[in-house]
Amino acid sequence: MTDTAFGQPPGVQRTAEIHDAYMAMARTRRMYGGILLVVFVALMASGFVMADSRNAGGFWNGILNVFDFPSEVLSEAADKVALLPALMVQFFPSLVETINIAAAATLLGGMTAIALSLLSTRGLARFPRLIGLFRRVMDVMRAVPEIVIALVLIFILGGGPVPAMIAIAIHTAGALGKLFSEVNENASLQPVEGLQSTGATWLQQMTLGVVPQVAPNWLSYALLRFEINIRASAILGFVGAGGIGYDLKNAFSWGPGRYDQVAAIFILLFLTIVFFDQLSSHYRNKLAGKA
Amino acid sequence: MLTINDLTRRFGDKKAVDAVSFHIERPAMVGIIGRSGAGKSTLLRMLNRLTDASAGRIVFDGQDITALRGRDRRAWQSRCAMIFQQFNLVPRMDVVSNVLYGTLNRRSTLATMFNLYPTADIRRAIGILDRLGIAEQAPKRAEALSGGQQQRVAIARALMQDPAIILADEPIASLDPMNARIVMDALRRIHEEDGRMVVCNLHTLDTARTYCDRIIGMRDGRVVFDGSPAQLTTGVARDIYGAGADFSEAATSTDIETLDRHQYERGKARALV
Amino acid sequence: MLTINDLTRRFGDKKAVDAVSFHIERPAMVGIIGRSGAGKSTLLRMLNRLTDASAGRIVFDGQDITALRGRDRRAWQSRCAMIFQQFNLVPRMDVVSNVLYGTLNRRSTLATMFNLYPTADIRRAIGILDRLGIAEQAPKRAEALSGGQQQRVAIARALMQDPAIILADEPIASLDPMNARIVMDALRRIHEEDGRMVVCNLHTLDTARTYCDRIIGMRDGRVVFDGSPAQLTTGVARDIYGAGADFSEAATSTDIETLDRHQYERGKARALV
Amino acid sequence: QEIDEFRIGILGGENAQDRMTSNECYRAKAEELLGVPVKLFTPADYDGVIQGLVGGTLDMAWLGASAYAKAYLTDPEAIEPVMVKTNLDKSYGYHAIGFARADSGITSLADLEGKVFGFGDPNSTSGYLIPSIEIPQETNASMESGDYFCEVRFTGGHEQTIVAVSNGDVDAGVTWADGMGEWEDGYNSGALRKASDAGLVDMNELVEIWKSKPIPEGPIVLRKDLPERVKLDITTLTASLPYMDADCAYNFMAGEALGFQPISHDAYTSIIEARKSQI
Amino acid sequence: MRVALDAGETAEIDGPTLRYTRPGYGTVTAAVQGREIVLDTPDGQVPDWISASSARVTITGDGGRAVVTRARTEVYAYSFGWELFFFTLDSPFHGRTLGELAGLAFSSERVVPGQSNLSAMIGDIWNNSMWRHKDVLWAIFETVLMAFLGTMGAAIIALPLAFMAAKGFTPLKPVRFGVRRIFDFVRGVDALIWTVVLARAFGPGPLTGTLAILVTDTGTFGKIFSEALENVDRKQIEGVASTGAKPMQHYRFGVVPQVVPVLLSQILYFLESNTRSATVIGAITGGGIGLMLTQAIQTQKDWEEVAYYIVLIVLMVMVMDWLSGKLRGALIGRR
């Protein structure tokens, strides 16, 4: 048999050339790596120094006192530990409001995200020319912080949960849309093509060919987002959008004497987040396990 | 019946399919062979209108296929079923649903989005699965099936379309020999029993010789052979594959019965160790 | 040289490898065949000590391999190179680095952490790549290579280990016939030129027959055949694969030279359409 | 004992940049006098300044009485009051003013039963503390939502309260004013005056519905740990500001006032008690 | 005293009398007479752009606003705004066309003595007291700085911790459990709340915001990194292990090359999203563009300023998004 596997016989000169070229490449690569590292360290260091000098308190003094405030809160909460359950009950309705805002916003934002993401995924898009447009729309929706949309909407619509919900939904649509379209890009086009070859419409190709593949990932991202949105809707309370964040901010800024409320709200919030975290990771594992 | 006229497809500078013309008079089983990149898949995809032609025409029963748009194109696709090398099923859905996707073109988008199909269709789907010997798998997810079973599901979907032509793009390339045989037998049977035209890209010469009535050989986008299995001599095959005289694929043959045929010559005696 | 004694591996209740014993006297090229799930991979993995044996012994040149721990086990692994079906390269690293991983056992942990290797090693790695005909690919990332090239990188890594045994677990199962041929040729040449023992799991009978000096057939974890390629008759093969008498793999042969050999009989004449 | 910089916290309620600008001349004078860099910090709410003072990262601030009480209650050893602003009539007090939209028909607390009432910041004296003590005395009911008022809300600050009332988001709210001059001008100084000057509200559209007893003006506080020399320098600078630079004093004092006079912790014991009682 | 306003309006103050002239309507006169203010309009009616009582008259025209109370009379001229984007009224360059400015920039005749025209112009733009370009730019820089330091710091701290929290890397279950709960806790509390907690120790300023981002993201990164570690492809590790490599080498060659792209892309993704959070956090700690924006909204004075800040923020985040995408492409390579 002939030696198709081995091409030309090993030439000493040729390997030497390849060796030199490779060594040169390895050296430049090492050099670039070194430069990158130095630049990064320099950026970090100078950035830190600058932030430190523009801050009222310095880092090294502050780090020693980090626990002053938490311990103040905790000691007061510990003194009034008997009151905590009652307080938690008192704040529970606000918590429910917060979760409702998050759930509605996630649902609304998620639906929009699905549509936007399918329209902006290469290979799947209904109008391939408009992919860029839909992507920019998502970019803008994502770029504006919720709190800004909320503040503007609060001015237009007045305080309360609706502006918060819309604000979070807009942001969610942008953020999930990007993640979803990444998922879509990894979806196999084979089933889509299979359906297309039977003469299916675009909507059929998407719902029957793409959704079953990506739905678990979508859901897992949406659950993750739901968690984030619970936090976000709690935070929007800080600017007057209702819910538990509003109570938290008022208790916090009143200070000594109401730290028991702070503690109670904190416990509620934390339990909620852990609860939904566990719930969503449970479902995500289940989905991943099936896939 | 099916006439292809100077069909060409360019990808950038490259002509994947280059002025291909042939004519198929009546429902036959046609095999297309050629090495990787010869343009086999592109040709089939143009037939199904998954890929648009750059030039040339496809005419089926007097209708110009290349000119169809939108709804008409989808209608043609539903008459011209396609089977893929990687099966292209929806892996997470059950077998019957996958087969029912063959009816999508005829059903309303809304109903199908909720996976609602007429009972008669479901009965027919199971009948087809039974005919292909995989009715037991009906409730399973497509991804849970072996390759050969998945390919038969794909064939069932194609049959569900009740097509005039079945196109198969290397239907057995990702299957082991046993399953390959089952799938090719199924395709042949459909051709013979239902009298449907089957156009099949094949990787392996033997398969083409064994199953097809007519073989078209492609190389670099052009048709370089068109004839009966008997006309496909070793010389012609070497020509199609562009292999030198020393090239033999015997080493990777998977045949069991061809045992004592050839012994790889290494010019050295080997003892059992 | 290599003796395997009642080697058994259980996964839960299931015996993946069941009291396998055989003896290989001198460096030979041994093929292991058997259908999916027969225990081929598990056997090879136990040889490399990637998987621990549940019972039985492996003895190589008088050393009990099954008993090795820690440093000694790693030293054995470096003498016993493994080639995988999916290549198991580090896809993001360049080809030379992947080959150099073959020396990890001999180099200090610290230096290798920063990807620093002696120039002599780099030269040797490129030499091996050149021997396998892929020296030009040296600076590319492994993931940028074709399957056949990747598998040759894996072989180069194995050679870099300068091993006494090369284990190959279905090295050509994910390759097309052309690349399969190149890879099998490379393995054979290494065996012949360097006198290394090669143990190779194979999917296809013909490959085993063509390349191996000795063939071991497994079924359900047990050795059911052990002999020379000549002894592997159709009947034996059917037995190993558990196929019925009607089974023939001829239809999927990819051989070009076997043209006029067999015509599949369907008892009906076919005309060119 | 030396300091290497001097940090002044400025309370919220106004555009951060405006706050910076109004205090810039004071900062420059202090820098010149102390010989170390003087920096201004403008956290978004009262609490940021209080935390900074208690934590020792801010050296000086001009607090409201209630905010001082909070800082004192958190850590009595952290800060001390040194100066207080005196009004043109030499008093040092101001009032919490309850107000509503003129077209709402509300003219007194009695009309507010079952309506929505808005406080400012929980740390504000006039925006929360004093009204939350004095209003229940008049209505004979608590300030809990649903008791006398249908809802009681925090708007976040004086500006927000004024806007919320004039937009109708709340039926009435409280803010501060010196109580001198004309209502139509928004009084001589205070949040209403600022809002009206800025064109935020039309004073014609608002009516006063309640006025608290005089509230002591909030003190300028210094960190107790500061070197005596620094305390003295700052006190002198502040006291002499109206004579040195009247424009600067106007900006610094947010309106017309006579000047500053020294004050001690004792002036605020009643506020501290009030705050304690609110717990 | 006469003031010419935009839209052809004029206001004239003559002792206690204000005359406000509006084209197409006529002249409105408001005069303080004793304790009363008397309003006189051409048609005797009070149109809806005038709010009048006996104590206060406010005229809100298209070009300005005039207020008359018993104590004082004031006219506010509008038209401030975009027109002053580059030069305020007190700048000698205000109101000149682009051509004039370009000419001035290169002429040797000095508008401001002792300073070249170009540098004077740049100085006037830079120190524009209406739009505060200097402060705005600083604020944006400070916001990005907070995001950068916080994100990178968090990643550096989270990486070793992630190994401790990953199954298959830490055999001790209690350690894994403990580290995971710490991640949960710091991540569960929003960065905004961390700023409140940290304000005591560090006071107002960008460092506090940085640390708040750092603390929260340590939790997030810890979780993501440890999941990435758990999801590594065993095949590659096995390939390395089959050569007899030592455990550290398994990590280095079997694990790190696999997770680095995931980590990098997550870090860069968070860098972008933290730029957004830093905007909000800055609003609380007193720094950055977020403070300017929230206060502009809360005081509701200048909606053009609000719009300007929002556009700036969107641009800033989009630039960061683009930048992090570029970096990702350069560091990881396109798939």
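Residue numbering begins at 1 within each chain, and the chains themselves are lettered A, B, C, D and E in the order written.
Everything that follows uses one rule, which is that a contact is a pair of C-beta atoms (placed from the backbone, for glycine too) under 8 Å apart; a residue touches a chain by one contact, two chains touch by 3 or more.
Per UniProt, the chains are A, E = Phosphonate transport system permease protein; B, C = Phosphonate transport system ATP-binding protein.
All values derive from a computational prediction rather than experimental measurement.
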Legend entry - Chains touching both chain B and chain C, listed by label: A
Inset, instruction - Note the shortest touch-path length, in steps, from chain B to chain D. - result: 2
Inset, instruction - Name the chain with the Cα centroid closest to the overall protein Cα centroid. - result: A
Inset, instruction - Count the C-beta pairs in contact for D-E and for A-C, then report the pair with the higher count. - result: D-E
Inset, instruction - With centres defined as the mean of C-alpha atoms, identify the chain lying farthest from chain C. - result: D
Inset, instruction - Calculate how many whole Å lie between the centre of chain C and the centre of chain D, each centre taken as the average of the chain's C-alpha atoms. - result: 82
Inset, instruction - Please work out the Cα centroid separation of chain C and chain E, and write it as a whole number of Å. - result: 61
Inset, instruction - Measure off the straight-line distance from the CA centroid of chain A to the CA centroid of chain D, and report it in whole Å. - result: 39
Legend entry - Residues of chain C engaged with two or more neighbouring chains: 181
Legend entry - Junction residues of chain D, two or more chains touched: 7, 9, 41, 45, 47, 51-52, 55, 57-58, 156, 160
Inset, instruction - Two or more other chains in contact with one residue: find those residues in chain E. - result: 196, 199-205, 283-284, 294, 298, 300
Legend entry - Sites on chain A touched by chain C in the complex: 1, 3-8, 10-11, 14-15, 18-19, 21-23, 25-26
Inset, instruction - Note which residues of chain A are touching chain E in the complex, please. - result: 40, 43-44, 47-48, 50-52, 54-59, 62-66, 68-70, 139-140, 142-145, 147-148, 151-152, 155, 175, 231-232, 234-235, 238-239, 248, 252, 266, 269-270, 273-274, 277
Inset, instruction - Within their complex, state which residues of chain E touch chain A. - result: 142, 145-146, 148-149, 152-153, 184-185, 188-190, 192-193, 196-208, 210, 273, 276-277, 279-280, 283-284, 287, 290, 293-294, 297-298, 300, 306, 310, 313-314, 317-318, 321
Inset, instruction - Note which residues of chain E are touching chain C in the complex, please. - result: 235-236, 238-246, 248-249, 252-254, 257-258, 260-261
Legend entry - Interfacial residue positions of chain A with respect to chain D in the complex: 55-57, 61-62, 65, 68-69, 72, 158-159, 239-240, 246, 250, 252-258
